[in-house]
Structure formats: structure tokens, C-alpha cells
């Protein structure tokens, strides 16, 4: 681990509801350099909220606290809204789950990508367009000119997710948070999109936080894995050492993975125990 | 403490709060009451909705006890001593009109006419819309196509103008006004009932009833219609305000209730001549219309939010 | 290879063409049946509901020979379906009979008064949209706040108040007491003879002819009824805008736009509102159509010489031809606006365009 990009210490995200407060994230800590970190957990484990809290995209009524939430020397909890916006899209990008919903349906793809660029950099119209086309090419879109003027509904899911990646990487951020970026895609397309993501992250030397429910995918793609359960990190380990996982929950997740050629009867059921959530 | 001879479910006192909110109701009766209680809790948490309910309850009470409440005769005035008295004159809280009639008494008696119109329109239009909508939605095919085309034609009509033309042909009068408003009110109900019917037309429980040999008639009337009721009630309540306003508009144009009936819209029309100097003659009935239709709107909003929390958000 | 390719393409094109053709056919059928339905309903009201339609048209004070002539003109001795056929033919050629009150053809009367109504409804809609949309956006963004409550109350009162009553009170306050606006009517009597309107839309004419004093006078006449209709349209538009915006602000693309580093202002007014605008166009069109109807009562209060006043005057004089003619025209405009808003919706939403 070279320089430290992001330091998270004791991050908590609390939602007030009518029946009392709900802590979605309860004391998550980790540091991240220019590496790939996977965050795995079942739905409701707080993995997505962790990513969103770093971006400052938690709903307004929620409460975020942390001992440290530091990105490249800046305290993310103390900076103004303006500084926050300057970081978003420019220094931290975020890819959301389903391009069907995360792209604005009434704007052309080209305009949406250009919008990111021109929010953060003063560039001429022609340069903006040229860079957008180059970016579309970088996410391996064969006919960038055509895709540039299409609307999101006119492209496939895989293509849409590439557009989303292009939109978030055009300003060259140092960190990318990918929130279940392939869960909404067909299995065959998943690998393509992951390949593109992999290549770009490697080429540009970015840090990556890869949020997913798919332990196998994360372990094959990331350097390190955080396993979350009920708002807490229950285990942190290098992907290579996954088989040595200590925590019963992680072992349970691993056991759920089917192995080709073996008979799985009865199907294993994930064991959840109340004391893990404490 | 001696245990009661018959234990209900998980030892809850019948009709207590916990009994109503029980996750495992032991009887249909308990489940139904529990659901009603949950809806009531959501409804009563909304202060504006409660205010709306209060206004409507008050309106009904005033209409029932009009004879007792009204201090003066609503039709016969004191032409000699009490013409166009200002509000607050002794004995005339809201003043008097050009014929020496107490405005408050007229408003109190007018509440009966307002309720009459609203209830009658609802009784005529809602069942018509419900039947057309459920039949259309359940039958599908050309029946649906024809019925919905007719509905759309009526929906395409501007309501007030159609009502005006109808009353013009039928002749002025409160019964004809009711009829005209009812004719213009049913199409949205048919649309709602049809949409609701479509959502569960192919559901398992309808198939089950069908397998048991129920006739289409029975399915529509016994199984489909009750399920459409809650959204229909919300819509009807929300429409009440519009009905009151249309009725008042017809009355104002002299096409609704005829003098000397104390209809609020007609009262505004007769007060129009004195609006510059005796503003209260026209202002008071208008305020009554505003309050009552506001009450229906608040009640309708509250009902919608309570019955359909998805829509309400928060 | 190429052969199969081309056949596939032609097949696809043909299928697309036929589905497009089907859509057009369906559209035409809808429009035609709706207009036929409109005529059928007015025919029913005019010929079937009254005991003696001829009497209903000329009024019961008319001399016997007039009644007889009208009965013959209407073909009341013919079977009903033939009468309807004649009625449709006449309506399509713009013949709604003669007004008993003005003795002009009803169509000529309507052509004369309708621009005044259009002018009033347009002003009302402009006011309603210009204020209602921002209010709705504000309420959605600051949901649950004091501002949201205020917008809600403004809307609720707009839904609940009798328009003619509010108009009367406004006249008392702004004309009689404060003298800020002109008396009921459309134009001051002084200008009635010096000003020659060309299009029937007086405000536009006055501005076009650079007659500023006339324009000011017209403005002082239209502002109160126009503002009143604007309030009604505002109540509806702000409420719908709020609900559309709440829906849009929950969408994932808003999160994505924030992740891009856009300002809230841009996200709200550009991204979310642009999406909400798609259904909003329909709402604004519907409110415009609603104002044409609302003008009936408003024009009566403000002596505004438009179609609404024409209809109520005719009602008062039992002039059935004029009433039904006015009903048909308002109904037809209503339907047309509905159709246009539907078409506009399609052009605004890229998703409804086929590739």
C-alpha cells in the first residue's frame, strides 16, 4: 500500500425514523490507497451506505459521524457543500447499479458526459466533445459518434454502464466507488464491463471501492475484501487468503458458492447469529 | 387473577390496542378491526385531515338539527325592520339580506341542500361508474373497448358546460342540477374501477373463485367490486368539493335550486346586487361554500394518505 | 447472407410500418369517435331531452308559425337517426342554427366572442404556469417545510373556493375600494370606437399598433379576471408539479447527477424539472382547457364579452341553439387540446419515439 488516499475511522450512518433511530453503518473503519477494495455483504448490511457516505450522498435527514473521514488530506465531514461538489465527479467518481435508472432519460449520452467535464473544467465546446468521444472509445464503445447522440433508452444495459463509467471517469478521478456496477447486467455482459473497469483502473492508477453482494466476483477482482454484516465490518482480509476466512459469516458466504461437479443437497442456508450484529 | 374461560390468540384483551395491532389475528373480525384501526391511526396522525373530518361532521350535525339551531325562519324575513342589517346586529349574527331574512338561519338550512346534492350525486354517479368500470375491466375485449370509448367521450366534455347545457334542456331546479352533475361525474369512477379490476383480474383468488363455479356476475359483484371500493371512496370524497362548487355555480347562474330555497350559490347571486355596500349578503354564503369544500378536500387527502401510504410518502 | 439480411430488414421495416399504421388508425378512430360522441351528446340534449325541441329553441313565447317553421327546419317529423345525420352534416359545415337572442347565425356569434375567451384563458394559464411551476418545485424540494405547507394551503384553497365568489370579492376590493383595476368589461368605452382590433386578441393588437394607452387600459381590465383564472390554474399546476418533482427527485439519475458534482440548483431546475416537464405539459394543457370552462363563471362576473358570457346570456334567454353551439365549440377545443397535449408529450419524451 503506497500513499493513503482515503481514511475511514468509525464511520456511522444513522437514519431517524418514526420508531426510533436505525444505524445502517455502525463503526466502519478502513484505509485505502491506490488499490482495489471490495466491500461484500448481503442487502441491508450497510455496504452501499458506506460508499454513499464517502460521496456525501446520504439523504439529508440521515446523520453521519466518524472519528476520521479523510480523503487526500481533506476532512470530508468539515468541508463546505461547494468543496464537496468539487470533489465529486472530479476526484471521486461513482458508478451506480442500473444504468436504466442512473442516466437521465431525457438527455443525450453525449450531453451527460460533457456535463461532468464542464462542471469541473473550463473547456471549449469542441474540446469537450473530442474528449467525450475519446472517453467513449476508452470504454470500448465502437461507434462513439453515434452513441454520443443517442438517448439512454436507446442503448443496452451493458452499453449504458460503459457510458456511466465514461461519465464518471472523464475528469480523471483518483478514486472510483462502484456500487454493484454489474448486478443489473446479463452475466455475459458483466465480464465485459468488469474487464473495462479493470483496465481503466489499472491504467490510471486509481483507487477503487467495489461494493457487491457477490463474494466470488469481488475476491477475483479486488486486492482486499471487507465483509460487512449488519452495519459492521466482520472481517477484512486479502483476496488471496479468502479460504482462510475466520468469521463464520464469511465462511457461510463462501459455502454458498456452488462448486461445479459436486452435489449440493440440501442447499446450504446462510447462518445468521444475533451476536454477530452486536 | 383467574384466567378467562376462553383465551383469544396470544392472551390479549379483546379490543385493546395490542389486540387490534396483533400480527396474528385469530378471527376475521379481529383482522378487519385491526386494519381499520391502523388506517385510523394513520388518518388521525394528520391534523389537517382531522380538521376536514370535523368540518364534515359539523355540516352533517347542522343539517340534521337545522330546525333547532336556526334562530330565525330561513324563508320568511322581517321586511319591515330587518332589511340588510350588518353582521353583529342584535339577533342577527351574520346580518340579514334584502328581504330581511337572517343569513345565518339561511346558511344553516342551506347545509341541507348542500348535503342533499352531494349525497345524491355520489349515490347516482359512484355505482354507475363502479359497475361500468368493473364490468369493463373484467370482461375485456369489445365490451371493454365500447364502454371505455363512451367513458372517454364523457371525460372529454368540460364538466360545467355539459351540466349547464343539460340543465338548460331539463329546466332549472335542484333535482335537475343533481342529475346533470351526476351525468358529468361518473366517468372518472369508471376509469378507477376499471384500473383496479385489471390489476387483480388474473390473480389467483379470482381463478380460485372461478374454479368453484362462480358466475361472472357473482365474481364481479361479490369479489371484484368490494376491492375497488376503497380507492373509489377516496376519489368520491375528493370530488365532493368539485360537486359542491359546480352545484353552487349552477345555483349562482339561477339554474340550480330556485328561490326562496336557501341554496348557497343562489344566495351569492342575490347578494351580488348589494356587494358594494352590503358585502356580507354575498360574502357569507361564499365563505360557507369555501369551508365545506375545504373540509371535503382535507378529508379526501387524509383518506388517500391513510389508505395508500405509498402515495403519501414521508 | 446478404439476401437473408435484406429480407430480415424489410420484414422488420414492414412490421414497424404496420404497427405505425395501426397506431395512426387507432388515433384517427379515437378522434373521430370522440367528436361524434360530442355531437351525439349535444344532439341528445337538444332534441331528445326537451319535450318539444322546437319550443326549446325559440322559447315558449314565440308565435305559433315560428315554432312550426323551426320544427320543419329541424326535420322533427323525420326518424331520429335521420335527424342525427342532418345534425352531423350541419355541425360539420359549422351550422349550429340561428341565435334567437342576437338573430345571427350561432357560428358567427361564437367566432366573434371566442377570441376574448382565448385571450383570458391564455393570460390565466401563463400566470398559473409561471407561478405554479416554481411553487411546486419549491414545495417538493423543501418538502415538509413551512414553505411546503404554505404552497399546500394556497393550492387547497384554490381547489375549494367558488370562483365567482372570489371574483366578486376581488372586484369589491381592487376596483371599488382600491381602484387599482378597471371596472368589469374588456375595454374602456372611450377606446371602444377609436381602437380597431384586427385579430380579436385585443392586447396583442394594441401592442402591435403601438397604442400604449389602449394596451394599459386593456391590461387594467384583464388583470383581475386573468389573475383569478391564473390562481385556479396555479392551484392545480403547483400541486401536480410538486408530486412530479417528488417522484423525479427520488430517481437514481439524481443521485448520479450529484455524484457528478453538479450543483443542487442545476440538478433541480435542469435535470429533475426537465423530466417532470414531460407530464407537466399535459397538466398545463389540461388546465388551459379547464380555464376555457372556468371562463363561463368568471366572464359572467367580469362582464367579459367572451364565449362564457355568451353561453350564460343565452341560458338566461332559453336560447338553446346558442347554448348547444357554445357547448360544442368548448367541447371541441377541449378535445383538441387533449389530443395536442398527447402529441406534445410524445415529442418531449425521447422514450416514446421509436428508434
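The letters A, B and C name the chains in turn, as written, and every chain counts its residues from 1.
What we mean here is this: a residue touches a chain if its C-beta (ideal position, glycine included) is under 8 Å from a C-beta of that chain, and two chains touch if they have at least 3 such contacts.
This one's a predicted model, so the numbers in the text were calculated from it and none came from an experiment.
Compared with chain C, the chain whose C-alpha mean position is the greatest distance off is A.
Here the two chains linked by the largest count of contacting C-beta pairs are B-C. Once the centre of each chain is set as its mean CA position, chain B and chain C turn out to be 27 Å apart. For the pair chain A and chain B, the distance between mean C-alpha positions equals 51 Å. Chain A and chain C, compared by their mean Cα positions, are separated by 50 Å.
Those residues of chain B that touch chain C in the shared complex are 149-150, 152-154, 156-162, 164-166, 168-170, 241, 245, 248-249, 252-255, 265, 268, 272, 275-276, 279, 282-283, 285-286, 289-290, 293-294, 296-298, 301, 313-314.
Partner chain C is touched in their complex by these residues of chain A: 52, 55, 57, 85-90, 93-94, 96-98, 101-107, 115-116, 119-120, 151, 153-154, 164, 167-168. Residue ranges on chain C touching chain A, taken from their complex, read 251-253, 255-263, 271, 274-275, 278, 348-351, 355. Partner chain B is touched in their complex by these residues of chain C: 30, 33-34, 37-38, 40-42, 45-46, 49-50, 56, 144, 156-157, 159-166, 168-169, 171-172, 176, 246, 289-290, 292-294, 296-297, 300, 311-312, 315-316, 318, 320, 323-324, 326-327, 330-331, 334-335, 338.
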